[in-house]
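The two complexes that follow have subunit A in common; it is paired with subunit B in the first and with subunit C in the second.
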Partner chain A sequence: MRGRDTSLLWSFGFLAAAFSIAPLVAFSFSAFAGMGKADASKTLPLLLALVSPSTLSALRFSLVQAALSTVLALLVGFPGAFFVARYDFRGRRFFMALAAVPFCLPAILVILSFILYYGKNGYFSLILARLGYGSKGEGLLYSIWGLVFVHAFYNFPIVIQNVGSVWAKMSRSREEAARTLGAGKFRSFAAGTLPYLLPSILQSASLIFLFCFFSFTIVLVFGGLAGSTLEVGIYRAIRFTNDRPKALALALLQTAIALLVVGAFAHFDRKNADASKDFGNPPPRHRPRSFSLLAIGAYSVLIAVFFLGPLFALTAEAFTVRYSLAGESRFGLENFARLLTGPAPLLLRAAGSSLSLSGLAALAAVILGFSVAASSHNGARRGQTAKAFGFRVSMNSWITALPLALSPAVISAGWSALMDSSGELLIVIGQMAIAWPFVARSLSAAFSSLDRKRNEAARTLGASPLQAMIRVDAALIAPSVASAAAFAFSITMGDANIPLILGGGKRETLPLLLYRLTSSYRFSEACAVGIVLALFTSVAFFLKERTHETP
Partner chain B sequence: MKHLEVSGLRFSQGDFNLQASFSLDRGMTGIILGPSGCGKTTLLRCIAGLERPDAGEITLAGTAINLLPPEKRNLGFIFQDLALFDHVSGRKNIEFGLKLKKTPKAETVASIASLAKKLKIEALLDRKPFSMSGGEKQRLAFARAIATKPGLLLMDEPLSSLDAPLRRELRAYLRSTFSREGVTALHVTHDVEEALELGDEIFIMNHGRIVARGEPRAIFEAPPDAWCVRFLGLGFLLPVLSIKTQGGVGIAVTPFGLYAYPPKGCKASKDEIDRGEAHLYIPKRAASLLPDSMKHVDLGSSIGILEAEVEGIVFQGTFQKIELLPTPTKKDAHGAAGPAAASNHIEVEMDSAAAIAKGERARFSIEPGKCSIVPERVHS
Partner chain C sequence: MRKTHFRRCGASRKSRGVFLSAAAILLAAVSILATSCQQAETKNLTIWTYDSFVSEWGPGAGLAKLYEQKTGIKIDFVSKGDGGALLSAILAGGKNIDADLVIGLDNNLASQATASGLFSAAKLPNLGKIDSKLLIDNKNRLIPYDYGNFAFIWDSQSKITPPASLEDLTKPEYSKKIILMDPRTSTPGLGFLAWTQAVYKDGWKDYWKRLAPSILVMTPGWDTGYGLFTKGEAPLVLSYSTSPAYHKAYEKTERYKALVFAEGHSAQIELAGILTSSRHKKDAEKFLDFLVSEEAQALLPETQWMYPANVSTPLPDSFSVVPKNIVTLKASVVDPVNDPEAAATILADGAR
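Our next item is the complex of A and B:
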C-alpha cells in the first residue's frame, strides 16, 4: 500500500513538474532550431549573450530592484503582521484580505492606479502641491525608487498574511519566559519569537523576491529610465528582435537564479511547517488599548494614504466624466455606459470571455492542484516519520514553487511553440499553469490539517472506508476546495500576460480590454473596466477568505 | 517579615475579577490549587509582571516589585508548555538568564556544570529540546528557571502534560530539590495529590478569590466550606436541617439521622443553617461498619449511625471505596426533609478487609470528633 501511495506521489509530482517545464523545453528547441545548421557551435551565441554588458547590467538591475523591493515590502508589512497577530480590531480581516491584491489585480491596473494617484496630476501630487511641496516628488515615480515603491506596495500584504497568520498561532510563553529570565522587550522578542517567525518572514521574502525578479509590466512602465530587468530583456528579444537564443540565454540565467530563491523558499516553507507544527492552541487576541490603538490607527492611515489611495484614485477616475478638452469633468456613469452599450458592448463581451476562459482554467487548475495535493498527502500519511514529513513538505514546496522560477514570457512563447496554434485552448492551458501551484499549496495545507482520527472515529461508528471518506474527509476538505477554486478563479481572471501573448487577438478578456483602453489613452474607461475586473476578483477572493485564512 | 507578600491585588478582564492577598515564607512552597478558570494562572502572571493588575502591592524580600517589568523582578517562571528555546541547546537555554545577568563567563560555565550535576541533566546540555523526552524537558526548564537563583520560582502546572508515573517521579525530584536548594516557590495546579505532596502551604482558589489557606493537614482536617470538600474529594456531605444541644454536645439534625460534632465544629452561621445552606461534613475515613448483629436493632434516635444501601464496591489496593445510597430516617423521609432527602450517592473508604457486599443494607457508625458543619461557600 505504501509503495503504491509513494509512486502515486511521484507520478503526480512528475506530471506537474513536466507540465511546468514543458514550455521551457519547447522554447529551447525553437531557439536552437532558429539558429540554423551553419553554426559551428550552437552554444556559442548563448554564451555570448550571457556575458554581454547589457545582460550583466540587466541582471544587476533585476537583483537590486527585487532585493530593495523585498526589503521595503517586509518593512511595510511587518507592523501589519504584528497587529493582525496580536490584536482584534476593526479592519483586521480587511488587512488579511489585502493579500488578494498581488495575486488578483493585474499589474496594468496597479500601474494605472499608481499613475493616477502619484503621477504629475495625481491626487497625491495635488495634495502635496496644496501643502506647498509642489514639485518635490516629481519624476521619482519613474526611477528605480518608484519601481521599488510600487513593488513594495503591491506585495507587502503577502507579509501581513503569511507572517501574521503564523505569528497569531504562536504561543507567547517563550517570549515571556525570556522576560522572566531577565531579558527586555526587544531581547525577549529576539529570543522567544523571532527564531520561530523567521521561516515565515524568509518564506514571504523569497516569494516577494521572485515576484519582483520576474516583474515585467511594472518595470516596463516605471523602471524604463533607470534600467531594464532580465524579463524585459527576454520580452524584447522575443517580441522585437526575434532573437530567441538571446531570450533563451537570459531565461536560463534568470531561472538559475530563481531556482536558488525557490530552493530558499522551499527550505523556509518546510521550516515554517516544522516550526508551526507544535504551536498548540493559539493565544487570545486582545482589543488594542491606548498606545497600540494609536499605532494601529497610524499604520492604517499610512496604508490608506499610500496603498489604498491609488485604488481610490482608480475608482474616482472610473466615475469621472471628462466633457471638455480643457479638462473639465463631473461625476457620472458614462464611462461604464459607453462600454455597455452599442452594437458590440465591449465590457459585456470581455466579461463573458473572461468568465468562461477563467472558469475553465480555474476548474482545470483545481483538478491538477487537487491531484498533486491529495497524492502527496496520501503518500506519507501512514506511520509518518519526521523525515518523511520533511520530505513530503519539501517536495510539495519544490513542485509548487517551480513555476515561479520560470519566465512568463518564455512560458507563453513555449506554449505557443508547443501547441503551434493560438486561441482559447492555449489561454486555458496557460492560465491553468499559473494557477495550479496556488491551488496545490492551499489544498496541501488543508489535507495536512485533516485529522486521521476523525476518519477512524467514523469507521468505528460503522462507516465503510468509502462512507468515511465521503462523509468525513471530503466534507472537511470541501470548503478548502471551494476556496482554492475561488482563488484560482481570481488569479486567472486577473492575468493579462497569457491572453496577451497566446490569445492571438481572438478573444478579448477584461485585462486585455484594460490594456487596449490604456494604450489608447482612454484612462477613464480603462478604470471603469478595472473596477469591474477588481469586483470579480475580489468577490472570489473574499469568498475564499470566508473559509480559509492562508493562500 | 514574609518573603512574598501580595496585598490587595486586583485584576479584571471582561467578566472575570481576581482579588488576592496572601503571603509566603522564605524557603516554603506555596500551592495555588483550584479548578480550571478560577484565576490561578492569572494570579501567577500578575506576580511575574506578565499581566498588569489594576491595583495592589507585591513585595519580594521586602522590595516592592509590582511596578517593575518582568525582567527586573528576579523571578523564575516555569510555563505549562515549558517555553524552552527549541532552536538552541540545553546549555544555551540555561545560559540565557545568566548572560543577561552579566555573570562572568567562568562563573557561568561553573554554575551550569554544578547545576547540571545536581539536577542530573549533564546529558541534556548539548542536545536541543525538540529531541528530548517530556521528563527531560521538564528538568531542563526547571534548571533554566533556577540557574539565576531567583528570589521566587513560579510554576504554572508544569507537570500537567505528563503521564502518571513520570509525574510522580518529577514530584519527588522537585520536592527534594526545593528543600536542598532552599527554593521559595509558588506552584499552580489543579491536582490535589500534587498539592499535598509538594505544598508547605495551600491556597485554594475559586472564582478569582482565595477561599481557603493553610497547611495541607489543617485544610484537609477542617475544610472551610462544602465547595472545598467536594473539590478536594475529602468526604461526603449531608444536608443540615437544624442543630441542637444534647447533654452539652452539639447535634446536627439531618434527613439521614442525628450526628454529633465536636465543640467549635460548626462553621456555618445560624442564618446559613436556617436557609438550608449548611452541610454536615463527614470525612471518608470517619465511617466504620457496624457488625451484623447491629443490623436489625431498632436504633430509635441513636446518634451517629448512618444506614445505607451498598451500591458498589471499588477495590483500590490498600483500601476499598464503598458507594452508598443513604436511607432517610423514617420521620424525616415524609416530613421536614423534603427534597434534601432525595439522597445523593456518597462514598466512604474502608480497610480492604472489611466484609461488605454489594446490594446489602449496612449500618455505619460515624466518628463524631472528625465531623464538622460547613457552610455551602465561604464568602471572602
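Our next item is the complex of A and C:
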C-alpha cells in the first residue's frame, strides 16, 4: 500500500519532468533529423556556432542586462518588502498581489504601456515637459538603461511578494536581542535579520534574473540597439535561416548557464524553506505612524508614478477614440464596440476560446502541480530521514525550476515538432507545461507550512497516509489550491508565446487577437483587447491573497 | 481502532477516485476539443497560411466565401503562426503535410521553399495577367499574388523635411529620427537590407555604419515598429509604400506619407504554391488560378494593404495616396545567413 502510494506520487514527478524535457528532446531530434549520414560533418559547425564572436557578445549582453535588471528590481522591491512585512496599511494586499503582473501581462502589452507612458508623447513625458524638464533623456528609453528600467519595473513585485512574505513571518527576537546588546539599528538588522532574509532575496534575484535572461521582445524593442541576446539568435535560427542545429547549440548554451542559476535558485529556495520553518509565530504588524507612514506614502507614490502609470496609460488608450486627422481624440467605447459588433463578435469569441483553453490548461496544471507538490512532502510523514527528505525537497525544487531554464522559442518549436496536428490540444499542453511549475511551487510552500501535528493525529487514529492527506491536509490546503489555480489560469491566459508560435488552430485566443490587431494597424483596439485580457488575468489579483505562497 | 481499517480502505479508494475522476474529466474535455477540430470531409481544400491572412481584416474569409459560391468547394484555412513559422511548419511536415496549398511565403523565403522539393509546378490560365517582374520562380511552383514596395513613411506633422534618398537618411538632421525593423527577425528589416545591398553593392556595410546614428530603435517586427511610429516616437519608419492607403481608408487622413527615393525601392512579393503532398492537385490549381483572377485580387488591396499581382485589377480609391512613381529594384539579400547579423551588429556598434 505504502509502496504503491509512493510510486504513484513519484511517477507524477517524472511525468512533470518529462513535460519540461519532452519538447527539448523533440526539438533536438528535429534538428538532427535533416542531417542523415552527414552527422559528423555537422558537429563541427555546431561547435563553431557556439564560439563565434556574435554568440559571445550576445551571451555577454544577455548576462549584463539580466544582472543589471535584477539589481535594480531588488533595490526597488526591497523597501516594499519591508513595508508589507512590518506594517498593516491600506493597500498592503494590493502590493503583494502586484506580483501577478510579471507573470500575466504579455510582453507586447508591457511594451505598449511603457511607450504610452514614457514615450515621446506619453503622459510621463508630457508631465515632465509641463514642469519644464522636456526633451531630457531623448532616446534613453531605447538604450540598455531603458531596457533595465523596464525589466526592473516589470519584475520588482516579485521581490515584495517573496521577500515580504518571509520577512513577515520572521520573529523579531534576534534583531531585538542585538538592539539590547547595544547594536545600532543598521547593525542589528545586519546581524539579526539579513542573514535569515538572504535566501529569499537570492531566490527572488535568481527568478528575476532568469526572466530577464530569457526575455526576448522587451529586449529587442528597448535594448535592440544596445545589444542582442541569445534568445534572438535562437529565434532567428528557427524562423528565418531554419538552422535548427545552430538554434539547438545556442539553446543548450543558454540552458547550461540558466541551469547554474536554477541551481542557485533551487538551493536558496530550499534554504528559504528551511529558514522559514524556525520562525515560530509571526510577529504582529503595526499600523504605520508618523515617519513610517510618510515613508510608505512616498514609496506608494513612487510605485504609482513609475509602475502603475504605464498600466493606467494602457487603460486610457483602450478608451481613447482617435481621429488622427487633426491628432484629436476623445474618451469613448468605440474600440470595444468595433470588436463586439460586425459580422462576428471577435472579442466575445476570442474571450470564449481563451477561457476554455486556459481553463483546461490551468486545470491540468493544477492536477499535475498538486501531485508533484504532494509527492515531495508526503515522504517526511513516514519517518524518512532528514537527509532523504531534504533530497526530495531539493528534487522538487529542481523539477519545478527546470522549465525556467529552457528557451521559450525552442520549447514552442519542440511542441510543434512533437505533435503536428490538433492545434488546440497542443496549446493546452504547452500552456499547462508553462503553468504547472508555479502551481507546484506555491503548493509545496503551502504543504510545508501545514501543521503536521494534525496529520499525525489523524494517522494515530488509524487514517491511511492518503486518507490523512485528503481529509486533513486537503481541507487546510484547499484555499491555497484555489489561489494556485487562479494563478495558473492567469499565466495561461496571459501567455502569448505558445499560441503565437504554434498558430491558434481554428480558435482565436485573446493574445492572438491582440497580435493580429497590432499587425493590422489597429493599435487602439489592441489596447482594448489588452484590457479585457488584463481583466481576466487579474483574477489572480483578487484571489491571490495567501501570504505563504511563493510564485 | 481496528474497525477504522475498513473505512481506511474505503476512503483510500474514494481519494483515488477523486484523482481518477479529475483525470477523466480532463481527458474527456481534451478529447472533445481534439475531435471538434478534426475535419472529416475530403472534398474541401486545406490551405496553410499565416495569421493575418485569416484574421477578420485579412482576405481569407472573403476569398473562401467567394470561391464556395462559385464552385461549391469549401476552403479550410489553417493558420501556422507568422510567415517564418509557416515555412518551418512546411519543412518540418515534409511530404506528409495534410494540406493542398500554401499561401503566404515571400521572396525572402522562396529559395528555401523551392529547394525543399515540396512544391509542384502549376499551370494557370491567368498567369499571363501577372506582372512579369514578380514571377521569381521560373518553374512556377510559387505564384505571386500580391506585392508591396518597402518605403519610409514620413509623419507630415513632424517638423523635419522629408528625406529623398537612402543617402539623405544618414544626414545629422535625422539623428535618432528613424524606426527600423531588425533584419534578423523581420521581413521588412530583411527587405531593407536587400535594398541597401542593391543600391550600395559592396559598400552596404559602410552605408549601415553611416546610418546608425539616425536609428532610434530597431524593433523585432513590423507591428511593434509601426506602433511606435503612430504613437509619435519618431517621424520616420520603415514600412510599405501602401501604408498611407490604410490611414486614408480608415482614418480619413493623409498625414502619413510614403517617400519615393531616387535610387529605387526593394519589394516584398508574397507567394502561394501547391504542395506535392496534395491529393487534390487539380482543385488546388483551380483555386490558385482563382487567387490571381481579377475577382479575387480585388479583395487584396484593402485587406493585405499590398498591390495585387494581377495588373488588370482595379485599385480602390484609398490607393490614390500611394505614390505611383516608385522604381522597383531587383533586390535580394546576398548572404541571408550572415548579412542580417552583420548589419544588426553594425547598427549596435554605431549606436553605442
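Note that in this section the second predicted complex is superposed on the first by the 498 of 551 C-alpha atoms of A that agree within 3 Å, B and C clash if a C-alpha of one lies under 4 Å from a C-alpha of the other, contacts with A are read in each partner's own complex, and residues count from 1 in each chain.
The definition used in the following text is that a contact is a pair of C-beta atoms (placed from the backbone, for glycine too) under 8 Å apart; a residue touches a chain by one contact, two chains touch by 3 or more.
Bear in mind the structure is a predicted one, so any value in this text is a computation, not a measurement.
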- Query: With both structures lined up on subunit A, is it a clash or a fit for subunit B and subunit C?
  - Reply: fit
- Task: Applying the touch criterion given at the start, work out whether A:Asn242 contacts subunit B, subunit C, both or neither, answering first, second, both or neither.
- Result: second
- Could you look at A:Gly184 and tell me whether it touches subunit B, subunit C, both or neither (first, second, both, neither)? first
- Could you say whether A:Ser165 touches subunit B, subunit C, both of them, or neither, answering first, second, both or neither? neither
- Larger residue footprint on subunit A, choosing between subunit B and subunit C, goes to C
- When the two structures are overlaid on chain A, which partner does A:Leu116 contact: first (subunit B), second (subunit C), both, or neither? second
- Determine, under the contact definition given at the top, whether A:Ile367 touches first (subunit B), second (subunit C), both, or neither. second
- Message: After the superposition on A, what does A:Tyr142 contact: first (subunit B), second (subunit C), both or neither?
- Response: second
- Query: Once both structures are overlaid, what angle do subunit B and subunit C make about subunit A, taking C-alpha centres and a multiple of 10 degrees?
  - Reply: 170
- Which holds for A:Thr315: it touches subunit B only (first), subunit C only (second), both, or neither? neither
- Task: Aligned on chain A, what is the least Cα gap between subunit B and subunit C? Give it in whole Å.
- Result: 32
- Where subunit A meets both subunit C and subunit B, residue numbers: none
- Task: Give every residue of subunit C touching subunit A within the complex, in rising order.
- Result: 1, 4-5, 8, 11-12, 14-16, 18-19, 22-23, 25-26, 29-30, 33-34, 36-38, 51-52, 55-58, 78-82, 84-85, 87-89, 91-93, 98, 112, 157, 176, 182, 184-185, 190, 215-224, 226-228, 230-234, 243, 246-247, 250-253, 255, 305, 336-337, 340-341, 344-345, 347-348, 351-352
- Message: Quick check: in the complex, which residue numbers of subunit A touch subunit C?
- Response: 1, 30, 54, 57, 108, 111-112, 115-116, 119-122, 138-139, 142-143, 216-217, 220-222, 224-228, 232, 235-236, 238-243, 322-325, 327, 342-344, 346, 356, 360, 363-364, 367, 413, 416-417, 420-425, 428, 461-464, 466-467, 469-471, 500-508, 512, 515-516, 518-523
- subunit B residues touching subunit A - in the complex, by the definition given at the top: 48-50, 69-73, 75-77, 79-87, 96-97, 100-101, 144-145, 148, 154
- For subunit A, which residues are in contact with subunit B within the complex? 171, 173-174, 176-185, 187-188, 191-192, 195-196, 278, 280
